[in-house]
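Here it is: the structure, laid out below.
Naming follows writing order (A, B and C), and every chain is counted from residue 1.
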Amino acid sequence: MEQPLLSVSDLYIKFSLRGRVLTAIRGASLDLYAGETLAIVGESGSGKTVLTKSFVGMLDANGWVDAGFIRFAGQDLAKYRGDGQWRTIRGKKIAMVFQDPMTALNPLRTVGLQIKETVELHTPLRGMAAKNRAIELLAQVGIAQPEQRYHQYPHEFSGGMRQRVVIAIAMSCSPQILICDEPTTALDVTIQAQILDLIRQLQAEYNLTVIYITHDLGVVANVASRVAVMYAGEIVECGQSREIFYNAQHPYTWALLSSLPQLGIKGQPLFSIQGTPPNLFAEIKGDAYAPRNPYALEIDFVKRPPCFQVSPTHYARTWLLDERAPRIDPPEAIKHLRAKFVEGAACR
Amino acid sequence: MPIEREVLMEVKNLRVEFKGGSKKPFVAVDDVSFKIYRGETFGLVGESGSGKTSIGRAMVRINEVAGGEILFKGQRINGLISRELDREVTQKIQMIFQDPMASLNERAKVDYIVAEGLYNTKAYQSEAERKAMVSQALLAVGLLPEFASRFPHEFSGGQRQRIGVARALVMQPEFIIADEPISSLDVSIRAQVLNLLSELQQQRSLTYMFIAHDLSVVRFITDRVAVINRGQLVELADTEELFANPLHPYTRSLLSAVPIPDPALEQAKVIIPYDPLGHDYAVHKPLWVEVTPKHFVLGNAAEIKEYRQRLA
Amino acid sequence: MEEQALFVLAERDVADAERSGYSDYSYWGSTIRVFMKNYAAVFCLGLLIVLLVFIMVQPYLPAQRDPNEIHLSQETFRQLRNVRPGAEFWFGTNSIGQDLWARIWSGTRTSLGIGIAVASWNVLIGIIVGTLWGYVRKLERVLTEVYNVLDNIPSTIIMTLIAYMLRPSISTMVIAMGVTGWVPVSRFIRTQVIIIRDREYNLASRCLGTPTGRIITRNILPYLVSVIMLRFALAIPGAIASEVFLTYIGLGLPLHIPSLGNLINEGRQLMMIPVMRYQLIFPSVVVSLITISFYVMGNAFSDAADPRNHV
């Protein structure tokens, strides 16, 4: 078995909010392999952003790693304290791209200077050399006339172009891992496809490992080689992209796939998940998804399910995979997924 | 021949401008015309900045109209109108907003938020009746009446959006403009809200205008779709017709980019780029033409001819 | 194994999930709770309450003197001038033999009264003008012009002019500070209103035909509670400072109405003589305590009133 590049095991992350403790990550375990594209899927509050922020030490001041390990390059990142330590990782080895490019850019400085600054911070290049590298980076992320664009301010760029600039900044120190947090959610579909292509291209060029955080299964299908599904702070299912789309095992993954509007039949209700996500301030007993799960077993309310291996690359946290559980077939709606999309696409 | 359907809402040559200081006004919507029939769900699709929200907001009279007319049941409702008509329109046309986190008044209880329209129209005889109407509206959107005494921040995104729907419903509207009502919701919640909207439409014979950028949702929920690009409609047709036979290059580009949640298909998909300069409109100006019955497209004579050939 | 029995489908109502996880919440309740967690602010609040109660009851306590009575020596019948603090006169006497203890509390009453009156007036008018200016587009042009005119006249000049024209009295002071004091407040409120006026929830209210008056009272002002309270809390010490300033330039209250302003002014004249400095220090300490307390409290309250800080 290949050695993982980054390995998270049994991670707990907590936040303190006005005297109450919120458990954002509850025993998440995840391996990341060099060169792959891992998509982390989940709804807001599932902890997908918190999890990846803990890889670069960017948790909010009121949050901390309570237990578990984050192994990377022979170190345990979970033990890192203080910006001094983190600076050797953040930006240098693991870089992050966020949903809203404007939050990552300083509106009062030209984009060129901002890229040049990070180049100077992370590489031995200085002055003109750094400037040339910045222009080179701009060209690499597909910005036409990089010399002219170098002297422009962020507001002179469109949303898609700004996201390219942010990617250029992230790439300036040739990181090993690039974490993209909903990089295309704020963009139009045509621009979205271009940005995804760009990241794919950079990945091939630099042998990057990419983590995508998204809630859009379309994006997942586009980019991911592996997929991790998160719910209420834990990873409920993880496997290769094909395994998740065509052979999902966890009822939550079933529900996510079933509620796709592409599978809806006009005039009939779409499949929908009832209820609301659990309150993370409260202690969660058993399976967090159980109260909303139509396939919940009694044991789901009592005991937390362990990880069941489905294949060497695929595991899921659900009691349904226990040999004592009754046999439950995945819902009819998500069987033969591809045939259904082909049908829909054929009309075009 | 099918019976001529009643036109509930009509937009004629609508123009919406935004004035930014002394500069030339920015034209958000330019010469847009369409009709919405009673009982249908009309989709308005476009990318950000295309002017789709401006059209919706002009129809609920938040945005001023710089040119053209908006007709509700044949009566003009933009500009100066009589007090009675104003009241009727306020009641009959409702809007559901995009971001449920921003569209509810955080400092008011759900009871006030839902009843806000009732206070304005004095549509109740007694306090007890008002309360009953609020409870009914909450039940209709799948919330419990006891939620009335709570504040919005105690609810999740999906619940908040349902509160937004209840606020519109309580007015007994005929026409609802839903401006990206699910785009800021989580995937698992979107279906709930979509189902709720369809269910309400059947129960109350509502007419919807559904503004969206997500074509897979639009395809599922709408009967007819108009595609808007840079403030102009480029194509309008029955939903299935539009998805089957997109004519305008912009529509084709947009359809080609729709993400498909299937790894094999998504990775094999080819995006058709759209070049706005690809049209030769120097001599022959584009016109809004009905190419085949109920299928409209924007194009000049040569383009229309080509489109007709493609359909033949 | 007894776990075996648990491997059956659970018969539970999925709708229960909808009900879970929410608590009762009240805006003011949470505001007070968050405020109470800020011990510095609670201490300041306690201090101000004690001060307020004390200055109210002080004249009725036993063995208090009249603040304007000039004390004469029993033997020489001369004024007991500049007696240093001690058992007889707790805070000493001033240069004409008046009891400083009595004068300071009487002065605090006057100054706090002026401060609260001026702050209330300025904030009230500021809110009214500011919301109309920010929200009602028809009034925007007119009010902007009015603002430009008023803002270009230095308020110190207006204040001095009015204090100079009218006979010095408490109401003169209040009028002098209130005549233009609301102008910056209204500008501040207007900016705040503009920030939130086109938020979606306000558009929603406009769609529902909610009249402007109710949009202002139900949608706009509740969002501004925290900034208004901060502004109000800072306006009280601000007004006291203005009063000190007016007294300093000789337009303050007459000496028979003690105020922190004229007490500090008297003390200031003796500042260069070390043994007499107590006449400056006592009133200054009171002014500082009031200013700091209102400042700390205002900030804490403004934080507490922001629902983002509520859990």
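The rule is simple: contacts are C-beta pairs under 8 Å (C-beta built on N, C-alpha and C of every residue); 3 or more make two chains touch, one makes a residue touch a chain.
Because the structure is predicted, anything quoted here is derived from the model rather than measured.
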Common contacts of subunit A and subunit C, by label, are B
By number of C-beta pairs in contact, which chain pair leads? A-B
Which chain's C-alpha centroid is most distant from that of subunit A? C
When the C-alpha atoms of subunit B and subunit C are each averaged to a single point, how far apart are the two points in Å? 49
Gap in Å, rounded to a whole number, between the CA centres of subunit B and subunit A: 31
Quick one: which residues in subunit A touch 2 or more of the other chains? 274, 276
Touching two or more other chains - residues of subunit B: 159
Junction residues of subunit C - those touching two or more other chains: 18, 22
In the complex, subunit A residues that touch subunit C: 17-20, 274-276, 278-279, 282, 290-292, 294-303, 319, 322, 324-326
Can you name the residues of subunit B that touch subunit C in the complex? 57, 60-62, 86-87, 90-91, 94-95, 97-99, 102-108, 112, 116-117, 119-121, 142, 144, 150-151, 153-155, 159, 164, 167, 171
Which bits of subunit A are touching subunit B when the two form their complex? 43-44, 159, 188-190, 192-193, 215-222, 224, 241-242, 245, 255-257, 259-262, 264, 266-267, 269-274, 276-277, 337-338, 341-342, 344-345, 347-348
Parts of subunit C lying in touch with subunit A, wherever the complex brings them together: 3-10, 12, 14-18, 20-22, 34, 37, 309-311
Interface with subunit B, subunit C side, in the complex: residues 18-19, 22-25, 27, 199-201, 203-211, 214, 218-219, 222-223, 307
